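Next up: the structures, one after another.
Two complexes come next, and they have one chain in common, subunit A, joined by subunit B in the first and subunit C in the second.
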Partner chain A sequence: MGAYLVRRFLYAILTFFGITVATFTLIHSVPGDPISFYIGNANRATIPKATLEAIRHEYHLDEPLPAQYLYWLRGAVTFDFGRSVLDRRPVTERILEKLPNTFQLNAIAFALAALLGIPIGLWSATRSGRPAERASAVFFFLLYSLPSFWVALLLMQLFAVKLGILPLFGMTSDNYLDLSTAEQLADRLRHLVLPVLTLMYAQLAIFVRFSKSALTEVIRQDFITTARAKGAREVKVLWHHALRNALIPLITLLGLTIPYLISGSVIVEQIFQWDGAGLLYYDAILSRDYPTVMALTVVTALFTLFASVVADVLYAFADPRVRLGEAAQ
Partner chain B sequence: MIAPVLWKRFRRSRLATFALYYVGFMALIAALAPLFPLDPNAIDLHHRLQSPDRAHVLGTDDLGRDILARMMHGARVSLTVGFLATLISVIVGSFLGAIAGYYGRVADWIVSRLIEVVLCFPFLFLVLGIVALFRPSLITIMIALGLTSWTNEARYVRGEFLRIRDMEFAQAARASGARDARIIFRHLLPNAIAPVIVSASFGVAWAILVESALSFLGLGVPLPTASWGSMLSDAKNTIDYAWWLVLFPGLAIFTTVAAFNVIGERFRDALDPRSD
Partner chain C sequence: MRTAIIIAVKRLCVALVLLFLACKPERPAVETAADDTPRDGGTLIRRLDADIATLNPVTVSSRYDSYIANYLFTPMVYIGRDMDAVPGLAKSWDISKDGKIYRFELDEKATFSDGTPVTANDVLFTMRKIIDPKSEALQIANGFELLDLANTKVIDAHTIEIAFREPLAGQLVRFNDVSVVPEHVYSKGDFRNDYNLTAVGNGPYKLVRREAGKQIVLERRADYWREKPHIQTIIFKIINDHNTAWNALKTGEIDETLLASDTWWRERNNRRLNEYIDFLRFYKGNYNYVGWNEHHPLFGDKRVRRALAMCIPTEAVIQDLYHGTARAMSGPFTPDEWAYNPDVPVIRYDPEGAKTLLASLGWADKDGDGVLEKGNQKFTFDLISLGGSSTGKQIVQMIQAEMKKVGIQVELLILDGATAIQRVFHGNYDAAYLAWDLDPDPDPYSLFHSSQNPPKGQNYIFYNNPEADRLIMEARRELDQSKRKDLYWRLHQVLAEDQPYAWVVQASAKWGINKRVRGVETSPGMGLLLWYPGELGWWLASAPQH
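This part shows the complex of A and B:
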């Protein structure tokens, strides 16, 4: 177990370096003078040559690329990604103030998808092949193919325009500050509904599918047949024997769905003008704010890495085959 | 060859067969789009925002452009990106997977670490970044998609190679003095390609979805070229009454993506010895 964990962490560190190298290489292969990383879209001709040289020297642009990478990496490991070319504020500060908004959206969507999806998936596995189950399978399959931005527009059209019961976009109403605390909470919740729905439904489809196949897989195994053969009631077989084993593979979903959620938040936050990290990334891309782009790319990749390490560790604890199998080698 | 058997099993699903015909129909529309009498980019401010009628079967947008004509041209963009991006990822993925599976050891280790790194990036962040920073165009989109979505193909091919590289036919080829390249590409790869068909079908669906998302975010194929995603983006401004602008392009994306997913699903079942 110990050896397994150590190896997993070493690989994670290696992957982290891979992530930084990939990000750095990608951004630095964009055509153009890298000095624009620091002066943004300001007109170069209006800046004195000496100033440009000073900037080059200050940010080590006069040194070879590998050295530049190491300077950037030194900052990155301490979460110092330099300053935004837009407002000169530290990039880390800009990201930290947006992350809670994105986290709120993603956490609610993830929790709802899991709470609804897992029971539906388990139900499907026990009712496999019956008309109701087949209908729900088709439904969730179609859900998976729906483009989220289209769903967002349809939801907006129905709930905000036609019915007028939910706000079109934003995180709070214009008169938010005049509301009482209870009203403020209600206002925030009302603004959450459509973005959460848009972010959630694809996750829901994944959870249903995954938990269904996990339970189906377990039911096929010998120890379930044994449990049935010794006369255990079906309910007990499912709850006691099958379920705990079926839930273990779901841990991997933690690492698998996080990148999709984060990807989805770019679209959802852009449509609903949700003031989070996804919207920040979108704006940074459009304004070529390279330090912010690089920082967010690394930070979101780190989140995924962290989630997959957590998932692997949990898996090792939950499934003795993983840790014992490793120990035997 | 397994092809005729596979096809026979594939056809057992009526839904999947229908999906295949639907994709063919879409491809036909994309191919014939230039023959359509209406110009997708012709601005006609006298006939802006018209709901579907006889002159404009699917209505017009806020610049009076014909929606049907734009959707037909949008099909060209979607299918081109879908197929070519998938082709790139199949080539990259199969190559790396083959190297990793055949040589094992260091090669396998490097490819596995590479896959781990790529999988860590939230997909849209990477694609969005590449496309926007290198100037959005059809080519950039296809390359960005192709270079970031090869991991599944690589894993499948690697797995197949591990399974078959020491089988008798491979040993026979080696014994007869064939070089590594020949063994890999002539003998092993054709036998390892079946699972790639599955992931390629899902890959096309995925590429179409991502392309339309990019276009929706204004970072796809440059305007005024019509794409389903950018049409939906235009529809945002008139969401309060022009329902046809929201409905039709969205339906096109959804049905095409669903069709490719159905096909992929069917291929998976058809290749799985445990099913029917």
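This part shows the complex of A and C:
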């Protein structure tokens, strides 16, 4: 187990460097740079050449690409990702400001989707092929295909504009700072409802379909029949015997989903004015804000690698064959 | 046990619902006050399409930065309704005969929000910062490229003479960009990086707080040294999404927002909304055009460019895409500018005429593939346009379809801003559908003068006509307004004849404003904002509902 983890970890470090080099090359090979963004933004005004030279020099854009990468790496190992091209604030500060918001939104949506989706999947698996299950399959498939910007607008129209019971946008009310702690919590929750719903429904459908197919496979196997035959209650058969054996695909799903917890959703964040990392990423790419793009990539890459390591470790825990296979080597 | 859980869950649900209902926001009351005397106080809630990059008025880089700066600072001169310079921080000025020395008398009552007086030394400090490349004053440095710092001198505490190496007719209105910062504050630390989140200004409002990504709150200064504006508190809420902003205007959470053309068209006659929302439409200085790269073998001949302009269905664009809320352009000036020559005709949509004209130049479809050719060359080119605007996309598609009928094959390249600018500024393109926002002064030097090819200026079409060059330079130096007008009227004719651009339309801006906001006026040329009094003349007819 120990050797397995060490090897896994070394791979992760190599992959991480690969990702930074690839991202660096990619973002620099996209036509346009911060300079062309500034020129586009200034629209009519001509920017004096000396000013452009000053910017070029400040961001090391006047040096060859490998040198630029080394500059970046030198900063990155000390967690100094430079200043944003857009607002000149340290990139780390900008990211730390927005990451928790995205994390909060996505973690809640993810947890709710899992909490609702897995039991529904379980239920569907036991009723596989019956009309109610067929109907629910169609329903969740439709749910999955609904475009989220459209759903978001409908939710907004109904709950915020027509009924006026939920806030239209933002993360907190104007008077947030004057509220008591309990009221602040309630205020935050009210602001969370619509964005969480928008983020959740597609994930919910994924969880239902995923856990259903994983379980269906398991349920057909002989040991389930045995468990039923020995008189175990159906709930116990499903939770204890079936679900445990269906964990592997669910862990894979978990590993794939964790990175989204921080990279965020541009659409939901934009529509609900949720001040998160998704919008930051999007704006940074459009404005060729290299320092921000690179820093966010690093954070996302770390999270992705972390998630895949976690998933691998969980595999080992969930499936004795993974552990024993390692030990045998 | 199980029932207990169910009951607990039910109770929780009820509690949550009650909590939501308890927090239900007040709906905006429909305002019926008929009293038209301005009153003081209230909280105006404005929308910002994107968070600001800086509060430093020297390094402003977007119009959103300018929106805030306009409240925090009183510029050297304001731009009046008719795009002329009117007193701001400078109560009067005197321009030397040779047009090189500007002597400004500052308002001696002027103070910064920290209580210190605004002096001529602060003006000098600000001028230095504007032209220092290290400040990266992206938007405004260019207006002061001719500044002669050696001969600029402080006369006394409230008088300064600002010198220029050459006279420039449009220089005075450019002082609208000069928002003076206090030297005793802004000289400390790193000018470029340390003053983006704070501001000590000389304007009618001061910064209360900025919550990044959420809002910016401004409060009227009790000690403002000029006539105070009416509104007590200004909140800028950041809402990126147009639909969300439109919904927020409907629920009364914001008082004003730019509207998309189709929203404006769809909702402006909605009776219920008209009870509390004014739908405004106005022109300001901007236009959309197709720029032809004259280094491209197809576009060097002005007769070809004219034929191409004849293929653009301007009327259909105006009626079908803008619902009549745009107007045709005949040249580089808009009808609201004094430089506009009303005698220059708009090029009419005439595909048959274009065909005839091209045929007379030797273009014919000899091989019958539907595309014109001349010798070995096919009449085909790439047209760059920006993604993001659906109207823009529809316009280039219409142009493509119309040109196809004439036998011209257009490939559309829809790019993001930075990519498009990169290609266009390196001359790596055939033609581009883009737009300009115009300065208050009509001088088109950086767009059409032959010395202004990139990276120096924005003549990226490589237009070069000695007569246009001469007219542009003379008009830049001509201090006699009526002579200057004659020069621009002639330039208008020359450019319309040469067609360096195919001017497509000037689209009007559409705005929705809550009726509780009064005193709203538009300036021909400047539009709704950033002129004087503009938004500083607004007042609120009812108490804030928030």
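The definition used in the following text is that the second predicted complex is superposed on the first by the 257 of 329 C-alpha atoms of A that agree within 3 Å, B and C clash if a C-alpha of one lies under 4 Å from a C-alpha of the other, contacts with A are read in each partner's own complex, and residues count from 1 in each chain.
The working rule: a contact is a pair of C-beta atoms (placed from the backbone, for glycine too) under 8 Å apart; a residue touches a chain by one contact, two chains touch by 3 or more.
All values derive from a computational prediction rather than experimental measurement.
Trainee: One more residue to check, A:Gln273. First (subunit B), second (subunit C), both or neither?
Mentor: Touch status of A:Gln273: second partner only.
Trainee: Considering only the touch criterion stated at the top, classify A:Phe139 as touching first (subunit B), second (subunit C), both, or neither.
Mentor: neither
Trainee: Which partner chains sit in contact with A:Phe9 here, subunit B, subunit C, both or neither? Use first/second/both/neither.
Mentor: Touch partners of A:Phe9: none, neither subunit B nor subunit C.
Trainee: Have a look at where A:Tyr260 lands relative to subunit B and subunit C in the superposition and call it first, second, both or neither.
Mentor: Only subunit B; A:Tyr260 stays clear of subunit C.
Trainee: Which partner chains sit in contact with A:Ala186 here, subunit B, subunit C, both or neither? Use first/second/both/neither.
Mentor: A:Ala186 contacts subunit C only, not subunit B.
Trainee: Which partner chains sit in contact with A:Leu153 here, subunit B, subunit C, both or neither? Use first/second/both/neither.
Mentor: Touch status of A:Leu153: both partners.
Trainee: Looking at the overlay, what does A:Pro167 touch: subunit B (first), subunit C (second), both, or neither?
Mentor: Touch status of A:Pro167: second partner only.
Trainee: Which partner does A:Phe223 contact after superposing on A: first (subunit B), second (subunit C), both, neither?
Mentor: In the superposition, A:Phe223 contacts neither subunit B nor subunit C.
Trainee: Quick check on the superposed pair: does A:Leu286 touch subunit B, subunit C, both, or neither? Answer first, second, both or neither.
Mentor: A:Leu286 sits against subunit B and subunit C alike.
Trainee: Once the two structures are fitted together, what part of subunit A is touched by subunit B and by subunit C alike?
Mentor: Overlap of subunit B and subunit C footprints on subunit A: residues 30-31, 153, 156-157, 161, 270-271, 286, 288.
Trainee: Under the touch definition given earlier, write down the residues of subunit B that touch subunit A in their complex.
Mentor: Within the complex, subunit B contacts subunit A at residues 113-114, 116-126, 128-130, 132-134, 205, 209, 212-213, 216-217, 219, 229, 232, 235-236, 239-240, 243, 246, 249-250, 253-254, 257-258, 261-262, 265.
Trainee: What residues of subunit C sit close enough to touch subunit A in their complex?
Mentor: 19-21, 23-25, 27, 50-54, 61-62, 133-134, 136-143, 145, 192-193, 196-197, 212-215, 235, 237-241, 243-244, 247-248, 250-251, 253, 416-423, 425, 436-439, 446, 452, 455-458, 546
Trainee: What residues on subunit A touch subunit B, complex-wise?
Mentor: Touching subunit B: residues 11, 14-15, 18-19, 22, 26-27, 30-31, 141-142, 144-150, 153-154, 156-157, 161, 258-260, 262-264, 266-267, 270-271, 281-282, 285-286, 288, 293, 296-297, 300-302, 304-305, 308 of subunit A.
Trainee: Which of the residues in subunit A come into contact with subunit C in the complex?
Mentor: Counting only subunit A, the residues touching subunit C are 30-33, 36-55, 83, 86-89, 97-98, 153, 156-157, 160-161, 164-172, 174, 186-187, 190, 270-273, 275, 279, 283, 286-288.
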